[in-house]
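By letter and in written order, the chains are A, B, C, D, E, F and G; residue numbering begins at 1 in each of them.
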Amino acid sequence: MGTASGIIKALNSGIKHIAIKRFTLRYPEEKLKFVGDGYQFDPVSGVGVAGLKGRHILFHDKCTGCQLCSIACEGIAEAISMVKVNEKWKQNKKSIMPQIDYGKCVFCGLCVDACPFYALYMTNDYELSSFSKEGLIYTPAQLQVKPNIEQDAEIKIDDRGATHG
Amino acid sequence: MNNTLIDFVIVSITLLSIGIYGLAVKRNAIRMLFAIEIIINAANLNLISFARFLPHSSGQTLTLFSIAIAAAEVAVGLALIIVAYRMYKNIDIAEFRSLKG
Amino acid sequence: MVDISFLVISVLTVVCAIASLELRSLIYGSIALMGSLLGIAFFFLLLDAPFVAMFQVAVYVGSIAVLILFTVMLVKRELIFTKIEDPKRKYIGVGLMLILIVGLGSVIMDSGLKSISTHSAPIDFNEIGEDFLTYYWPALVIMALILSSSITGALVLARRENIENEQHTN
Amino acid sequence: MSIIAPRFRLGYFIKSLLDNVFWIIILLTLIGIPAIQVVLFFIDLPVIEGELLTPFLALTWLADPSRTLPIIKALMQTDFFKIAVFPGFGFAALLAAGTIFIERKLLAKLQLRVGPFYCGKLEGILQLMGDGLKLISKEIIIPAKADKPIFWAAPLLFVGAAAAFISLIPVSPGWVIADLDVGLLAFFAIIGFFPIITVLASWSANSKFPFIGGIRALHQMVSFEIPLILSLLGIVILTGTLNLSEIVESQSNFPWIIFMPIGAIVFFIAMLAELERIPFDLPEAESEIVAGWLTEFSGMMYGLVQLGSYLKLYAFAAIFVVLFLGGWNGPMIMPQFPQEIITEGIELGPISVTIPGLPLFTPEMINGTFWFTIKTIGVIFFILIPRGVFPRIRIDLLLHIGWYKLIGLAFVNIFISLSLLYSGVLGPGGMM
Amino acid sequence: MSELPPGIKLEKEDDKIMTLNVGPQHPGSGHMRIIVKIDGDYIVSCDPDPGYVHRGEEKMAEYRNYITNIPHLERPVIHDSCNILYPYCLGVEEILGLEVPERAKYIRVIASELNRCVYTLYWLAIYGIFLGHSTMFMWPTGDRELLIDLLEKLSGARVTHAYFIPGGVRNDMPANFEDVCIRQINYFEKRIKQYDSIFYSNPILKSRTIKTGVLAQQDAISLGATGSVLRASGVDFDVRKKEPYDVYDNLDFQSNTLKSGDSYARSKIPWLDMLESCRIIRNALEKIPKSGSVRVKLKPNPKAGNVETYKRVESGRGSLGMYIISNGKPEPYRVKISVGSFRNLICLPYLLKGEKLGNMPAVYWSLNYWPVEADR
Amino acid sequence: MLATLVGEIINGYDNILMMFGFAIIATAPALLLSKMISPKRRNNPIKFLPMECGQVPKGEGRTHFMMQYYSYVLMFVVFDVMAIFLYSWGSTILNLERTSTLPIIVFLGIMFAAMAYALYQSKRRNIW
Amino acid sequence: MIEITSMPIILIIILGTAGVFLPIISIIQKKTISSTLYWIISLTALLFSIFYVVYRLISSDTLSTFSEDVLTIDLLGNLFAISMLLVAILTTVGSLDFIRKKSHSSIYFSLILLSTIGMVLVAYSTDLIMLFVAWELMSIPTYVLAGFLKKNPSSNESALKYFLFGALSSAIIIYGISITYGLTGSTNITEVIRIFSTIDAEMLPLSLLAISMFIAGFGFKMGLVPFHMWLPDTYEGAPPTITALLAAGTKKAGFAAAIRIIIIGTIALNFDWMVALGIIAIMTMTIGNIAAILQKNLTRMLAYSSIGHAGYILIGLSTYPLSNIGLQGSLFHIFNHAIMKCTAFIAITGVLIAIKTTYIEKIKGLGIKMPITALGFTISLLALAGVPPLNGFWSKLMLFGAALDAGSTYSWMYWLAIAGVLNSALSLAYYGWIIRKMYFEGEKITTIKEPRSIIAVMIFSILFIVGIGVYPEPIIQFTDKIIFQLTMFLS
């Protein structure tokens, strides 16, 4: 009898779920909304600001070419290398700026922690796929671009279950 | 469809001969079992054809019995063959040499 | 005269029967045996005995052939494919078979069977059941005893005997 | 460049296409046309309105669209139509394809997923076709030491056996391919072939996992055949016939499931095991033995085995409907075909046309098919649901269930029906 | 430890024994190989062969400084990355003499409990599919999204968080996080309670897993099992209770134990732990200081003296310890990771001997084993 | 032509065979087509090894024998016969007197006893 | 339809219930239940049934023969039933010490009981289907029993050979039945007799084919000479108690079936089979006895002697319609031979239990080691040889007398008598050799404890053999009545 009631209970539970809302994010059409604009770091207080650790953004006007980010990455992924840029900035005498190879980056964000000049942050952009390995290497010019992304889906919970919407 | 009795009996006789040939020649226990099955089937064919041409129902009844008995025999026979295989690692009864006189 | 379906079925049956004995691989031999048994079932259909035909297929092909196939698969691969036999014995066997076919065939051809044909209605399969339960009922009971003795015997034979005197151990 | 993906060359592609076309044409002329001629020589051409159908006649009737209906109607009465299209292969394959789609969507709903979605715009309705195309275009890999003849034949035999099974099913009055006196026994005879095919397929692959899977399949199918057979004995006792159509007719008042719920449950469970559906999908238990007896099948061979198993699923569901749920019996919901169309013709604007050959189907047939299909889909739903609810069972527990519980219940069912018969509730002189 | 049935001998009759390689390319093994010898349906011996995903994390840790070790050390169990970093951070804090702020301690507890649930759900999903229960694969993977979403809000990454750092956590909780967390945890708790009827009370599952692979209490202790395997055998050993770290002694929770020690109990303990985790998270969110620092500022290349330390935490797979030796350089001299997975895997040959082949995945995965973590 | 020639009855049964043949003829082109259009790269002998989880196969793939459950196959052979025997009774029970149920009860009784013994033996896995 | 209260049915019920429930008892057994319980149950059932047969035999004198039913209750059947039940009882009693240390003793006794039912029903059945089914019930348990010692390779080999030839024999029998059925359109022997007496000339070859099939099929079980090749191997390899059952039980059931079908069923064709049976008889006894001399193993020697005795019995069958005393002698010899062979093989069982071997060289001094067993063995051997005061003498006398009697009609029948006498003399030689080995060779050795069950069998058989030898009148009277009944029926 216990067996029969267990089977009926399981069947009942299964059939009930047919009516529950799907919990599936239809990814290309809808995208999850994240906290803030991405992971940032405040070197003064030594505490980060919560946000997605996506693709970096590099503020050319603040970068001094100090290589701290590259040094921080050395033991981790060796994804950041300093390259020469054509632009001239007064705080950046050597005109070197980080270039990030996203084929190697692990998105730990320790380079952001290492940057004392508020020059390197992370953004909510995570769609980085490319057809070639070369396409994954982002030059300082590419890193400078602010990503334009629309993210609106959030987890909503109501009586008929949770959905992305 | 105008087959006569003799056609079926000829097929049955042929199967009987094949079965006896198999028993005479083969020394593999499973093949000998095949031969016996063929003989039983020849007999069944005979029975059914006689039962159709008489016509009479006992032939079909006996055939059912015979099929069932063949099943029982095969169960016992294959069990024996398995025991033999475990013991000799072979199913060739020419290789079984524990008894000789 | 015979018709074409009869010819096809008889060729199937006889060829499969020979193949089941002569094919090198025992597995193919079992398949050929199945073919032969199926051919017999078709004969039963030709002879208007559908109940027996289906019984034949269900029991012979459905269970006996399965058991045979299963047991063949137990045997080592080399043994499945080897065929030990004496050529001399084989020729004697073939001769015996031919003598039997010719002799028995001539006996039958000479007998009065060749003139028999029928126009009466076939047997209804319900009569078989009636036979079982009225006239032949002791045979039915004996049949049950046969089946029960064969299953108990086969189980006793097929089980492993690694435990000495196991009746007292459990 | 990697070796794995050689470069695509258009020239080679076109050459291979042309090769194939060439061979197809050659083969068709050499084999196809003689085969058609032989077939035409042997089959009986239909007689339509008193005239034998000759190609000339057929063409003239084709020219007049209103007169094609008699040809279609005559064709529908042939065995070939029955086998190929309606109660036979086409209908079953359609229902099987529908089953696959329903299964995927239903399972996805149960598991809070979406399921096939993008293929075919409308909830992924063309997913199956896409899968088929993918399977066809995949390479068939056969293990080196496999027993090639058996290995090639096994999927085909599987489909063939499943199709032979379908031929027994009465879909609506008169619409059955093989109306046998001993239809129920033929059913048992046909399901006896599946273990053999399975175990041969697994043996031929010469690999360990398929062999274990095949042996498991053999044990499973073989063990559940007996409760399957015994659970139907009650119906035979009460109806006194083995003909499936007559069994359906005997249920015009009550389906047998009312009197034999135990038998129906036993049959259902045994059916799940025979079909190797979850929770009894041990032969394909992917976590222990990679994919069971299907491990070495690749490409379209795998596809054919799947087709066969879904045809089998349809056939079992239909047998359940026929035996326990009353088959085509159901309230008449089809309106009678308007007689004036037959007698007076249809008003098409200014002219009125009489169309000979109407109605194509009798309302009884359509009604019966409708109810049969509805019930079959219902049973298929219940076959599919456990896949989302139950885990896989173990082989010894499975055999334990089959031999200890189901056989006992089947005998209980037999004794219930015997007592119903002898107490006069059912049977001759009883309620029916 | 179930005895071999008396009829079956060990590897004497060769033709009866078949050797099955379960893995590495097998849907039921993970990234490892189990060499199983079977006689018919019974396993006569079983030889787990891990090492297919060995990465040398311990050696790599000797060439990186204390901070840059963090993204590497979480690689073995990315599903449980907070927990595997936890003992490292505790150890480094001890050898560097850092005092972690109170708020950071609570955030750490919340993150590690969330991460434990994430891991457990992943494990449970695979357990479900190992038993042929496809719904039990889909539901936990779906419900895992809820927690991953929370963790992503907290740390900015979905799986490889790299969130803990010596001296606290990388960043503070985002605004409104408490409310979202409470809401989703409540819903999550409701969801996982529904696993009971379809999975844990399912008679077929019970018949498959109860009394299979029974690990007796004494055997569990002597074989050195930890975590859920140990607690399923009736030994009440939970590092969070026995050696409380951070703020676990302030929180109100209990450690779950079951007596039977079979696969069923081993699979149920993590589920009970998940319910307990929900309680802990709620409790922590109540007690967390509303504001304050979450991170101690570190020097760029911290060095420690000639010290060594051993810290352990309760991870999803049992006690997870890190033994850190420093020789005064910025890099640690040695980081030895002692993981629960490997210790539980040791039980496998003992449990599988004499079991049926069908029980193999049930017993194997109930050991709460993560191949990558065991290989390190 | 008389209505009751030998072999009349086969007419219902050849349809089963035709259905079987039709299914094979209808699905075999799928295999042929697949054979024709699928890529053929036979340069890799490892591809044609049997599945052994990525290892090189060792030993014979076909020798395994599930002896523990062999008893069930043996039992099937006998009890399948019994089950179908019952159909010859079931299909005619309406034509028979009530007393003729007695032999079948005896039949079943004997088979039950045999089945009890057989099931008891099969359940003890350690002897198989 | 046969009544449920008729005697064979009651026998089925008694023996079948015991046989079917013995395995069930073994399921619910506790440790205290040993094989003795099964022994007691099966012995009780057998004793009960033999008393029942004797009671029915005494109480009702007006028994019909060859009814229209599947089973008949006549004196012929009763004789065979009594002798087979007796054999089964002796075997069962003798098995106690043999089976005590083996496993599955419940199955062992159960299969003996089931096989006994088969043997008894073969004797009673008057329908070909019934006969075939009973024949199989007799055979299938003995296939298992012959291979019962699973660790003994020779037991298994013997069982396999026995199975293959037994299955062949039943296949041939069913072929013969099919031809008979085709010729007569019925399966009842009464009908068969009636139709064979009016058979067309052109069907005659077919009926001869059927008869030869029956001779071959039953001949396999009876051990007639072209079909005897399995017999020595099987008798040697099988457990000796089972050999007793085979030699004394199933073999005699073969004769019962042969008498029912060949001798009586096709009485109309007797001139055709008479010659064939005569030739087979001479061949059988000569080859059996000559081969027996060459043997070194007691079991094998007795197996060949068993073949020889089949030849003696066949003398009576081949002379039947010419001389009534022939069939009478055959029946008497069947009865005697059953007891004698059973005794001999059970004595060998005792020897096997005690000294673990059955080679003739090893049984020196058995007369001192195991006096009672040796005495029983000696008596049975002397009776087999046909030494005057014992029962074998009388039956052989009747058989040879019948041959001489029939010789007046067909002169070649004299050769049967001559061959029989010569063979008897020959057989005395090797029987005497065994007796010499037992009593007059060997050193002084102390006695071995003889198994009690064997002693019981020995004492019973010594009394029985000597008793019938001294006072054979009742049995001869009984066989006379059987012949009278058959003659009444046939005329």
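The definition used in the following text is that contacts are C-beta pairs under 8 Å (C-beta built on N, C-alpha and C of every residue); 3 or more make two chains touch, one makes a residue touch a chain.
Worth saying up front: this structure is predicted, and the values here are computed from it rather than measured.
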Exercise for the section: Could you tell me the least number of steps, going only between chains that touch, from subunit B to subunit D? Expected result: 2
Exercise for the section: Name, by label, each chain that touches both members of the pair subunit A and subunit F. Expected result: D, E
Handout entry: Remotest chain, subunit F as reference, centres from CA atoms
Key = A
Completion exercise
When A-E and D-E are ranked by contacting C-beta pairs, first place goes to A-E
Completion exercise
Of all chains, the one whose CA centroid lies most distant from that of subunit G is A
Problem - Chain whose averaged C-alpha position falls nearest the assembly-wide average - result: F
Exercise for the section: Indicate the whole-number Å distance between the mean C-alpha point of subunit A and the mean C-alpha point of subunit B. Expected result: 77
Practice task
Calculate how many whole Å lie between the centre of subunit D and the centre of subunit G, each centre taken as the average of the chain's C-alpha atoms.
Solution key: 58
Handout entry: Whole-Å gap between the CA centroids of subunit B and subunit E
Key = 63
Completion exercise
Cα centre of subunit C to Cα centre of subunit D, whole Å, reads 31
Completion exercise
Residue ranges of subunit A touching at least 2 other chains are 7, 10, 13-14, 23-24
Practice task
Would you mind listing the residues of subunit C that make contact with two or more other chains?
Solution key: 3, 5-6, 46-48, 50-51, 55, 58-59, 62-64, 66-67, 70, 73-74, 76, 104, 108, 113, 117-118, 120-122, 125, 127-128, 130, 132, 134, 136-137, 139, 141, 143, 145-158, 160-163, 166
Practice task
Any chance you could list the residues of subunit E touching two or more other chains?
Solution key: 6-7, 15, 18, 22, 26, 41, 135, 142, 198, 202, 204
Fill in the blank from the handout: subunit E residues touching subunit D in their complex are 18, 20, 22, 26-28, 41, 128-139, 142, 198-199, 202, 204-205, 207-208, 356-361
Handout entry: Contacting residues of subunit G [partner subunit F, same complex]
Key = 4, 16, 20-21, 23-24, 26-27
Handout entry: List of subunit A residues in touch with subunit E within their complex
Key = 2-3, 6-7, 9-10, 12-14, 23-25, 32, 34-36, 38-39, 41, 45-53, 72, 74-77, 106-110, 113, 122, 155, 157, 162
Completion exercise
Counting only contacts in the complex, subunit F reaches subunit G at residues 102, 110, 113-114, 116-117, 120
Problem - Partner subunit D, residues of subunit A touching it in the complex - result: 7, 10-11, 13-15, 17-18, 20-24, 26, 161
